[in-house]
Structures are given as structure tokens and as C-alpha cells.
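To keep things simple, chains are lettered A, B, C, D, E and F as they appear, and every chain counts its residues starting from 1.
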Amino acid sequence: MTETQFKKIGIFKCGNIGTSPLLELLLDELADRKDIKIRTVTTGSKMALEDVEEALPKMLEFNPDLFVVISPNTALPGPAKARETFAASGKPGIVITDAPGKRVKADLEKQGLGYIIITGDPLIGARKEFLDPTEMAIFNSNVSKVLAATGVYRIVEQEIDGVIYAIEAGQPPTLPKRVIDITVIRDNSVFSNPYARAKAMAAYGLAEKVAEIDALACFVEKENEKYIPLVASAHEVAQAAARLAEEAREIEKCNDSVMRKPHGKSGKLKSKTKLMLQPVSEGEQTEAGSRGS
Amino acid sequence: MTETQFKKIGIFKCGNIGTSPLLELLLDELADRKDIKIRTVTTGSKMALEDVEEALPKMLEFNPDLFVVISPNTALPGPAKARETFAASGKPGIVITDAPGKRVKADLEKQGLGYIIITGDPLIGARKEFLDPTEMAIFNSNVSKVLAATGVYRIVEQEIDGVIYAIEAGQPPTLPKRVIDITVIRDNSVFSNPYARAKAMAAYGLAEKVAEIDALACFVEKENEKYIPLVASAHEVAQAAARLAEEAREIEKCNDSVMRKPHGKSGKLKSKTKLMLQPVSEGEQTEAGSRGS
Amino acid sequence: MTETQFKKIGIFKCGNIGTSPLLELLLDELADRKDIKIRTVTTGSKMALEDVEEALPKMLEFNPDLFVVISPNTALPGPAKARETFAASGKPGIVITDAPGKRVKADLEKQGLGYIIITGDPLIGARKEFLDPTEMAIFNSNVSKVLAATGVYRIVEQEIDGVIYAIEAGQPPTLPKRVIDITVIRDNSVFSNPYARAKAMAAYGLAEKVAEIDALACFVEKENEKYIPLVASAHEVAQAAARLAEEAREIEKCNDSVMRKPHGKSGKLKSKTKLMLQPVSEGEQTEAGSRGS
Amino acid sequence: MTETQFKKIGIFKCGNIGTSPLLELLLDELADRKDIKIRTVTTGSKMALEDVEEALPKMLEFNPDLFVVISPNTALPGPAKARETFAASGKPGIVITDAPGKRVKADLEKQGLGYIIITGDPLIGARKEFLDPTEMAIFNSNVSKVLAATGVYRIVEQEIDGVIYAIEAGQPPTLPKRVIDITVIRDNSVFSNPYARAKAMAAYGLAEKVAEIDALACFVEKENEKYIPLVASAHEVAQAAARLAEEAREIEKCNDSVMRKPHGKSGKLKSKTKLMLQPVSEGEQTEAGSRGS
Amino acid sequence: MTETQFKKIGIFKCGNIGTSPLLELLLDELADRKDIKIRTVTTGSKMALEDVEEALPKMLEFNPDLFVVISPNTALPGPAKARETFAASGKPGIVITDAPGKRVKADLEKQGLGYIIITGDPLIGARKEFLDPTEMAIFNSNVSKVLAATGVYRIVEQEIDGVIYAIEAGQPPTLPKRVIDITVIRDNSVFSNPYARAKAMAAYGLAEKVAEIDALACFVEKENEKYIPLVASAHEVAQAAARLAEEAREIEKCNDSVMRKPHGKSGKLKSKTKLMLQPVSEGEQTEAGSRGS
Amino acid sequence: MTETQFKKIGIFKCGNIGTSPLLELLLDELADRKDIKIRTVTTGSKMALEDVEEALPKMLEFNPDLFVVISPNTALPGPAKARETFAASGKPGIVITDAPGKRVKADLEKQGLGYIIITGDPLIGARKEFLDPTEMAIFNSNVSKVLAATGVYRIVEQEIDGVIYAIEAGQPPTLPKRVIDITVIRDNSVFSNPYARAKAMAAYGLAEKVAEIDALACFVEKENEKYIPLVASAHEVAQAAARLAEEAREIEKCNDSVMRKPHGKSGKLKSKTKLMLQPVSEGEQTEAGSRGS
């Protein structure tokens, strides 16, 4: 594949959710994928309209084949501007956002954008008495572990991959329209042991609870005596969620049944479970009639 | 402070180390800082010269007041190009990188760039039999927890803040020249309990060990029978490191002595330890003669 | 105090919630209280109208000075019958129930009954593919630990005690009207360390999440492929909640600040924190001007 | 089966042991058993002769087909009165009690009562400097987890079920005569993994140790300096026992081999191990020649 | 102090208990004590009369100033021979042994030997289906942690030190006559936090339980179906004991109150608690009127 | 085999490493081996030339068929003297030592001694502000667990056994020449589950890190403010290593695949994995065509 055959993925991040920091890495974890290049432009934790308006042109100038925009609450003016811009670009676009995104599903449909709404990608406890850079990073670490180990990151990555494969094949892509709640974790299980799956679902349920408590703390309670204990408890829930997610994976390790799906150099997924074996391309498996665990 | 008074921080990421994903968020964790705006441009996990060369112009077009470039092994052609470009820009620049960066300290000095070399920001176990998007994300989650809880992220953020404050004051900034090893964790402790500090240092030591084992697995061993167990064990060490880092923080929680240093709206750090109290600006504390723990 | 001076507490249990099994023991944990006698009549796990109607007369024949009825969903015919009967008895009555009880608060007020509605006393995962006697008992063990360590049992016991003290003093009792949600755990903290409190609140939040998942599993999903993973995950959340609750208490142990409030022989509460010291009567403390932790 | 065909089980509780709080629930965990109704009368934590004498008539008036009396030390006057009364009732009776019950086995035999003596249902640390309602509840939570997960509750429930089935069949029941010690846990294992069984046995051994330490603290040591540390250590052992019991079950989860034996609506036990499969009636299994794990 | 002023301690080990492997190291942990030299002669795991008889002369030829003999069950012929020999040597002698030693206390007194009988130094699960070198070492590791962290090793070492100091001072030593049971752990606490002490006592209680279960497994049960689960469960108890002991110490770390008593070069103990401070000689402390924690 | 056919193993210990305390027990864990007798002579924690010179004659007088000398840094004068003496004895000799031993491998070869150099048998944190008898014992407990569970002790024991078998067969023994680093743990795995192996390798890697940190603390840093945190962190790493080693073994327990290799009475190893089965002699296994896990 020559240089010109690379498809370019443009990722625009404004503000931050738990799926944001590692998003581009999920698509090319070994940095050796020959079919795509990724360019990301970010406005940091801020997501005001003015930030987005300044940064968007750079994203457009990269001239990507696919736009992905990820932000908290996609209904806010900044993220809305990004959606509008990408919807108007003539290129396919995908919106990734957290639970409040459910309220603008109709808008997203109308804009012709794909979307992945992750109900378990929780609001952070953004109160100045509690959140400093260290606390913020630890929270993101815990959320990341939950979203990775429960399979959410895999769903996100495979949905984007699906669109990429269609673009590469010159076909009109089917854009994702998904709300990832606990039943999606259940039905897209990456676990062979049912208790590992149950623990992962539990971890995801906890992440939803984090969002609920933090929303109370950040948007309802006004006195610091009231909201400090709430944000602190929400982050404790996040830590408990990360441990449960880890427990789920430990069970799979114990059974040597951790499913791994690395990207091959062609961009297609390979698959394996037993640690000491080689991953095989998913096509090969199907041809051979074998089934992944 | 009016809009025009904002200083703009340009962060350029090519490839990924454990400090990369959350870097811009560390500088403005509450998204309400009135003195800076952050723009990030990223080439994803890839860091080849061609990737860097395509993306760099966008970074420059943002016209930042301060450049930060973060990458693995800064001696490689891609990161080297970024360094060269920023060194030539006339604006201050800071390089953040991992242990191999120690080998080009002289170059960095010559280029007039500041640098923060983090020996405990470990190489990932990048072997296709092991690393898929999920494993990559879990590894980053563990490394992030170690770097956050041991105080490394705080050092990084404060070094960058120091440069920002100088720029805001119209003074020539003193750029950081730091190699963060276990003795730096010891001497810049964020812990009031000495065993919490010891656990944090231990966690950091483990992160260094991860790098050592992964280097053996990725660069020395050639047979999969040999390197798969090594990358798997390195990631187990990363998980153990994250737990130790968490234990360290739990001790501080138990003593209600977690030090928190959120950014105030002015960009200056506030500080607090007891959870239910308000953070105070560090200047206030000094004036009042009180000392943080 | 002579035998005739004993007040008699009649507890009627139909069906089971996490507060049921130990309820009478909470009021006289050392079995040496000289002011009350407790008689309990129970219909086991069943709570149909016919069960309640057969058992209620025995409760009435004990001729208690105070009735307490505890059950799941107090709106169901069985518990409703018990409420009606006790409301008509001319003796004070208290209803203890779980979250669905919020829907009949108006009825409860009208009946003149006190009530304690515990939103974190969760529905069990009552699906025959999952729940056997062992699973049921383990779930109750976990819920019990959460409700004990977070202070819910203490609130329940002190509310009943308050009514008993009024009856003993010949005064009209003020019956409790409480909905115990996460903010009540926050505001009635039994913890001296704020992170212990946060962990306890987190544990309680998890218990609420158990109820939410189990309601989905027991009342919404119809296929076993769908509901089995849900009940299993709900019970994993319960286990995680118990661990968090235990962690909260361990912090207090570590600080030798576990608050203990045993009943004295007179029925009044004593109080202490340091393990090796004696409990003192709460009145004494006030007289001496000392403050509990 | 019509209403009149229900057999009625009368459970009389005086004082409390770890098997008491959930006893009636063990027999009908899904509340849908069509062959029995359960009525319980309790005197709370007190078990003096006068309490028992007042409460016993209500139990008798329910006119049960089977009596179960559960209490600590069945040799004490209160429980002895209950035994005497039920022995004289002409209906079958079963005594459930703790280790001191071993001393009256001859009496129990003479009275024609069945018995289940549980050496690992330990004395609580009933010292007023230590035991308050919260501590009492946490202790019961820990003991419950041990007795559930090690299979003791299953033995108790199956022994009672056996008597019920005989009564339903119109046959003279064989009453249980069992002392449940560590070798019974070993020989009635509910675990498929031998280390899970070993951990469960260890947990049970710890529960016996709790009893030994608490007896020293409650009956031998007289000074609070001496007995407070002992009761505190006994409850630590109980907590360690609960964790070991949980570990045992986690191993079975990891192997998807948790044995579950829910009651069918007919009252007969069903059985299953793999979580996602249906329980089958034990008769079916036998007919099909299959063996439980 | 010149070479000739060194006192020589002769330690004779036959067979092994948990206190044996590290015994000589406890007396000179920094290897810089200027007042004693230690010579140990060992017959390995065997302790038959013939082994002891061959090895004893070498011990005598070292001509020690103090004999210490450590073995399981000191009543057996091998250890008895060692006791007899040292009692006849004219030099002071101390016997260290496990619980069966209680049966020969009268003999020990008659022989004029000091003794330390450690009831929580448990019999190992010496059954060939279970015990291999790895299992043996892990068991010893767990027992060692219990005996170290609960303070047993400190008692042993201080008792021997006391005799050494007397010999050095030219005074007739008072030989120890101690049975170390759970009440000794309680009354010689090395913990400042009462829950840490309770956990340590609990750990020691568990170690006693190990002995009880292993005695049943090794001396009573004859069929491997019976004894294998017992030895396996005993070693699980040992592991749980080690964790509890570790938990106890972690509490002290959390409070920066770990008591440390290193030997000074003179052989006298120094003492400290806060980690970052210097140890001071115990005499100095007394002179200064300060009290150790 | 008659008494005279016993081979005698002479073990000389000067100073202490983590393999020292249990060394002789590893060779005869059940104390019933009929082919060897072990005699050990030790100079305690001290290892000066004068100590060794006084103690060596006793070792020689036992007239062993095989000498084993174990010490830290075998290049120091004391251990060097022992090596020289045993090399000159005409009997086979094996040196067991820690990482600094790598520097004298040429000498060892020249002396005709076998050697086992264990890079993960770490230097202790021998600073008087930190190390007291209790800390020393806990450290040894942790190191012991790592070396046992990762299989190091098994390698040591099998190497010595191999020499013994040759002597018994009247053949010239092949003396071991091994440096045990992380790749040896990998390639001599005692684990059937690859993640258990990875955790064990991780544990061993941590033990190597302990040595690195303690060397910095003991030999480089001169101020107590500098070295106390380092020794404390090294011992935290040791504790984390012990936990990882335990986790590795727990996985094998969970799969009932713990490999056990007890010594038979003949001195030959037997082997087994499933807990409830009998060990079989390794020869039998081969003859029967069965394969160990």
C-alpha cells in the first residue's frame, strides 16, 4: 500500500471524557498499521465555542477521510459547533460522548452523524476543593481501566474500524448508532467466564453510579459541606469499579482465556485467546470454521 | 484578564508515553483557568518523520507562546524533527520523554530546550501476540495511576506552570532540566506519612523495572516463546505498581492528609490537605506564615 | 424497674429485606436491656395476604406498646394489611421498608404511622437460575455489612429507641418520617475520617445500584439469557459494596476512632470511641461538656 | 396442591446464633414454595425462662407440623423449656444450637428431638466496651458468610427439608443427629476445586477459633484491660474467616462451578453448576444417570 | 571490647519449627554487634537420637557461654539428649520449642534450663501428598511473618539478650520460663493502635489453629482422603494468619508508629518509632524521662 | 540402605541471604529421606574471616561427602576462605550466593566449585534506623515466599540433589554453573498457567529491584534523610513481590495444577499436580508414558 492509499482519520477532542485520552491509540495500538494515519487536534479541558472555533480549521486542513469528535455533553455550544462543521464537510463523521448525549439523539440522526453514547463514561467530580491535577489523573486512570476491561473501548474501536474498512473498500459506511449501557456490556461480552462478565457488568454499573453522584454534586448541591463528600464518594466508586474490572480480567487470566484482538498491519483485526499462541486474522478463523472463545 | 491576555500553550504529541494522554488536562484540570489556552496536535501512536512533518505546521499555525513536545525516545527522527522545529521557533520549548532521553541530554541543552526525562514512564510491551487495544489501555491506566499518585504528574505540571508564570510576567523563563528518578520521588514527596512515601517510591521503582523488562522483550529477545512471557510479566509489574501507588494514597486518605493543589482561575496553584477545608492560594499561606504539610 | 415496667416491642416481619434479619437484635445487642422486651412474629420469605392474616393475631396477642412492621414493598396487600391493622390498634407503629415505599408515603402519613424508607436496602436477585439458599444468605451478609457499617442500622435503631424513650416517659412519641438516601448517610455520618465517610457513602450508592440492576433483571427482562447475567452482576455489586463498607470501618480502626454506642441496661445509649476506654452515657458526656468524635 | 395441603413449619428462636437470623429464609429462598408455610416466633436477643414461657404459646397456637428451636447453649433454662415443650407436643422437633450443645446430646436423644450442633457458629464478643448494635451486625454478617459459603447452611436446610419431605409423604421422619465440625465441612463439600474446599475448611476452623477466644473473653477474663483485646481479636478472626470463605467461592466462580440448589415450587431441590444453564430437579439428574459436580 | 571479651552463643537446632530458621539472625540483625559471636550447629530437618549424638560434640567444642537448643517437641529422644547434655555442661541453657513442650515443663525446671514454649509456632502439614520443598518453604514464610509481626521473635530475642547481658555483667542469669500464648501477645504488645494489636492477636490465634488442624491431619487421620484436605486447610489458615499479621503492621505504618528496636554495637537495644528519626538507646530514653510508645 | 550408606551433606552458612535459612530443609522437607544426612555449621549474620576460620574446622570434622557454602557476596574474605577450604578438600563443593557473585565466576570455575548465583536474592536494607530483628525477619519472610513460589528454591534443591544422586551412584558429579535471572524463571517454569508464570517472573523482577534500591541505600547514600526512605521503599517492593508470588500460586490452586515434587524416602523426587492424587516417582511417570503438567 503506498503512501497515498493511507486513509486519514481526524479526531477532534474538546473537553474530556474517559474515552478521550486514549482514543487515537485504540485504533493503532502497535503503531504499525499500514492503512490509516491519525491526526488529532484538541482544545484541552476547555470546550467553549471560541476554543472550538479556533481549533476546528486545523482539523479541517488535515483533510481527513473520517471525522471523529469526542466530548462531554455534545449538546453544548462548542461540541455542537464541531458536529455542525463535520456534518457539513461531506465526509463521514462520528460523535462519541457521555450520557447527556442521549438527549440529542434526534439531532445526531438529523445531522447524518454516527454516534456512540457511553452511559458509563462518568462525569468527573469537578469541584475545586477536591479536584486537582493528581485527583483528575487518578480518576481518569480508574475510568480507563473500567472502559478498557469491560470491552467498551473495544466496541468504540471496532465501530470506527468498521467505518474505516468501508471507506477503504470504497463503500458507503454504515455509521454507528449506539447507546452503550449495561445490557450492551452483557451482550457484547469479551469474557468466556460468566462471572467475569458479571463482574465487568458490575464495574460498568458502578461507573454509571459515579455519573449519578457527581451530577448531584456538581449541578445540584451548592454548599461545599454538601458536595465535597459527594465528589469524594463518587471517586471512591470509580476506584471500586476499576478493581472489579481488574477482577474480571484476572478470572480470564486464570483460565488463560483473555481475548486479544490486535490490529494486523493491514488494519484488520487478528484474534487470539491462549497467551502463548499466535493471533490469527479473523477471516482465517472463519474460513477454518473455528470459533473464538 | 481579557481574551488577548491568554497565553497559548501548544502541545505536540508524537507516539505515546504514560505522561502523554493526560498532559494537557494536568494544566487546567477544572477547565476554568483564565490565563491559558491549550492546543494540542497529535500524530497518534505513530511518530515517523513523515507524520511529524505533516502535523507540525498545524501546531505552528496555532502560534503558541510555549511549545511542549512529548514522545517516547526523543532521539528518533520524528521527535528530533519536532525538537528542531520548536528550538528554531524563537519560543520557549520543553521536551518530555522517557528514559532513553538521558542519552541526548547534551543535544537538548544545545538546542536550548527544557526537558523532563521520566525514567519511570515505561516502554509498553509492544508485541503483537500480547498487545491489543484493551491491553494497551489497561497498561496506560496502570502507568497513569503510578505517575499521578507518586507525584510525577505534579512535577511535570509545576515545571510547565513555572514557565507559563514567567511568560505571563514578561520574564525570561527558566526551563526545566530534570531527570526524574526514584530519588526525585523521594525528595519531592507529596506524602506526609513516610511509609506512604516509601510505597510511592517503590511503585516508581517498579515502573522503572517495567521498562527494563519490556526493553529486553521488545529489543533483545527474538522468539515469541521468549518474549511473550516477558511482556506479560512487565505488565504484571505495572499492575503491582499501580496497586502500590494506590496503597500510598490510601494511607494519606486514612490520615486525611492528601495534599491537593488545584489551579485557581488565575492559573496560580492553591493548596490544601484536610478534605473538608477550602484550598488557599499558596501566596496566602506564605503570608500567613503557615506551611503545608 | 419491675417486670411490669417493661415496655413490649412487637416486630412483625413479612418477606425479607436486608434490615429484617437482625432488626430485633439491634435494639438489645447485649441482651441485658432492662426496659424492653421484644417479641417478633414472622411469615418467613412469603408475604401474601393470607400469610399475614394468619400471623397478625399472634402479634396482637402479645399486646405490644409499639408495633414495627418490616417488609419489602409495603404497598403490597400483605404488608398493607399489617399496616392497616397496626394503624387501627391505637398503639404507635413504624413501617420499615425499601425504595418502592416512597410511592406510598402519603398513605403512611394518613395512617399515622412512622416510616423509615431505606433506598439502599436492595431487592435480591430472585431468579431461580441464580438464587439458592446459599446465594441468598451471602447476599444478605453483604447487604447487612453495608447497612451496619454505613450507619443505616444505627439510624433505624435510634429512631425506634426515640419512640421507646417517649413511651417510657409517658409522652406522645414523635414517629420517624425518613427516607434514607445517600445524603442521609452523608449528614448522619458515624465516621471521623472524611474518606471513611466517602467510602461508606460509596458503599451505600452501590447498594442503590444493586436495587436498580435487580429490578431490571426481575421485572423487565424475560429471557434467562438476559436476566441471569444481570442478577449475577447485581450480587457482584453487593459484594463490592460490602468491601467498601469494610474499608471505611478499617480506616476508623486505624485511627482508633470507631464510634460505638452500646445500649446501657437502662436502655439509654452509651458512647465511646477509643477502644480501650469505657463507654459513657450520652447524658454524662453532655454534662461534662465533652463532645463525642 | 391445595391450601390445606401446606405443611406448617414453626420456628422458635430465643437468643441468637449465626444460623438464627436467616434460618426461615433458607427453607424458601424464592418465596414460591408451594408445600410449606413458615411461622416464626422470637424473643429477640433475650432467652430467659420468662421470655420463653410467654412466647411459646403463640408458637404452639400456630399448630405447626414440625418444630425447630434455635438458640445458643440449649442447656440454659429458656431453650431447655422450649425443647421440653416441643418434645411433649407430639410433633417432630429439631434443635439447632452451638458448640455447648455437645454437652447435652444425651438429653436431646432422650427427648426424641433431632439436633444439629454447629461448632463453628461462634459466641459473639458480648462485652459492653466493644459490642454495640453495629459491631453485632457486622459480626453476624461475617459469621453468616462463613456458614453460607462453607455449606453449613445447606446442611441445615437439607436436614430440615428431609424431615419435611417425610412428613409430606406421611412417613415417620428420621430426625438429624449431627455435630458439624471441620470434618463435616470436608466430607460434605460443596466445592469442586480442592483448594476451594481447603479454604472453606480453614474459614470454618477460624470460626471455631472465634468461639474459643470469645469464651475466654466473656467467661474467664474479668478485667476490661484483659477482655477488650480478646473480643476485638475474635471479631478480627471472624472477618478473616469471612474473607477466606469468600475466596473459596471466588475460586468456584472462576471455574464456573458454583453449585446451586434452589428449591423448586414443589419444595424439592433442583441443582445446577454452570451459571448460564437451568437448574434441573435432582430426581431428573439421577434418572439420567448424571452426577452433580 | 577486645576479641577475648566476646561472649559466644551456641545454638543447636534439631528438626525445625517456625522460630528456628532465623533464630541466630534475630540476635545480631545488623551483623555489627561487638559483644557476641554466634555459632550454630544443625542436624537439618531430622532430629533422631543418632543425629543429635553425632552433632552435639561440635557444638560443645565451640565452648559457648550460653547454649540455646531449639526443636519441635522437646520431649522426643533427640532434643531430650541435647537438653540433658547442655544441662550437664555447667553453662546456662535455654530451650525453645512448640506447644507439646508444655508437657515437660517440670522436667525443664528440674534440669535448670530456661524455656520459651511458643504455642503459636505450629506443626507443619507433613504429609507426602502435600508437602514438598516449595510448600514447606511457603509455610515457613507465613509462620515467620506471623511470629515476627506479632512480637514473638522480639520476646525470644529479648529473653536471650537478657541472659547475655547478665553473663556479660558477671551475674547469674535469670533464665526465661515462658509459655507464649495469645494472652502474652496481648500483654507484650508492640503495637500502639489497639486494632493492630487485635489483628496481631488474631493472627497468633490462627497460628494456634494451624497446629490443631495439622495435629489432627498428621497424627489422627489415617486415610489420604481424610488428611489431605486437612493439611491443605491448615496451610490456608497459615496464609490467612500471615495476612492478618501484615495488616496489623500496616496499621502501624499508617500511623508512623512502628516500634523498632535494633541492637546497638554494644549489644544493647536501641528504640525508635517515627521512621525518619534516629533510634536512641533505651537507657538514654529512661534518663531523659521519655517513654517509648 | 544401611546407616553407613548415608551420604553426608555439609552446609556452611556465613552471613545470610534469602536462600540460607531454609536451605537444609529444602533437601529433606519430610525428614524421612533415607539416603542423606545433613549437618550445618553457621556463623550467624557475621561473616568475617575470623568467624569463618573458627567455624570451618567443625564443618570439616563432620567429614561430609558434599560441601555447600552459602553467603552473600562470595568474594569477601570470609566466604572466600570457605570456598578455598572446600575447594581444597577433595570433595565436591557448591557455592550459593547473590548477584555480586557474578563478578567472581571465573574464580569459581578455577576453583572447580559448582555455583548457583541468584540475582533475585536481594540485599537487605541494613541501616540501623530501619532494620531491627522484626523488620529483618519480615523481609526474609517475603523473600522466602518469592524464592519458593517462583521456583528458585526448587532449582537450588534439584541442582544439589543431582550432585547427591551422582555421588550415590559412584559417578563424578556434574556441578551446577548457574546464574538464576528472570529468564531462568521463565524457562524453568513450575506453572501450568502462563499468567501465573508471568506473575512469578514479575515477582522475581521485583526482588532484583529490591537489591538495586538497597545497594543504593546501603553503599551510595550517606545521609539518613536519603537512605532511610530508600531502604523502606526496598522493603515495600519485597512485600509487593511476595504478594505477586502468592497470586501466581493462587492461580495454580484455582486450576488444581500446583506442581508438587516431594522427596521420596529413597531421596528421589516424586511428582504430582492434582491435590487429591498420590505423587508418583518421576521414573514411573516416564515409564507409564504420562506427562507432568
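The rule we apply is simple: a residue touches a chain if its C-beta (ideal position, glycine included) is under 8 Å from a C-beta of that chain, and two chains touch if they have at least 3 such contacts.
What you see is a predicted model, and the numbers here were worked out from it, not measured in a lab.
Think of each touching pair as a link: the shortest run of links from chain B to chain D has 2 of them. Using the average of C-alpha coordinates as each chain's centre, B ends up farthest from chain D.
Listed options A-C, D-E or A-B contain a single repeat of the E-F interface, assigned here to A-B, on the basis that more than half of the contact pairs agree by residue number. Interface chain B/chain F: over half of the residue numbers present appear on both copies, so the contact uses mostly the same residues.
Each chain gets one centre point, the mean of its Cα atoms, and the points for chain C and chain F are 57 Å apart.
Centroid to centroid, with C-alpha atoms defining each point, chain C and chain D lie 22 Å apart.
Distance between chain centres (mean CA atoms), chain C to chain E: 48 Å. Listed for chain B are residues 194-195, 198, 228, 232, 254-255, 275-276, each touching two or more other chains. Screening every pair of chains for touch gives A-B, A-C, A-D, A-F, B-C, B-E, B-F, C-D, C-E, D-E, D-F, E-F.
Partner chain F is touched in their complex by these residues of chain E: 3, 11, 13, 15-16, 21-22, 24-31, 37-47, 50-51, 54-55, 58, 61-62, 126, 128-138, 140-142, 144-145, 147-149, 151, 153-154, 157, 190, 224-225, 228, 232, 239, 242, 246, 249, 260-264, 270, 272, 275-279. The touching residues of chain D, counted against chain F in their complex, run 193-195, 198, 251, 254-255. Interface of chain F with chain B (complex): residues 182-183, 186, 194-195, 197-202, 205-206, 208-209, 212-213, 226, 228-230, 232-237, 240, 243-244. Listing the residues of chain D that touch chain A in their complex gives 253-256, 258, 274-276.
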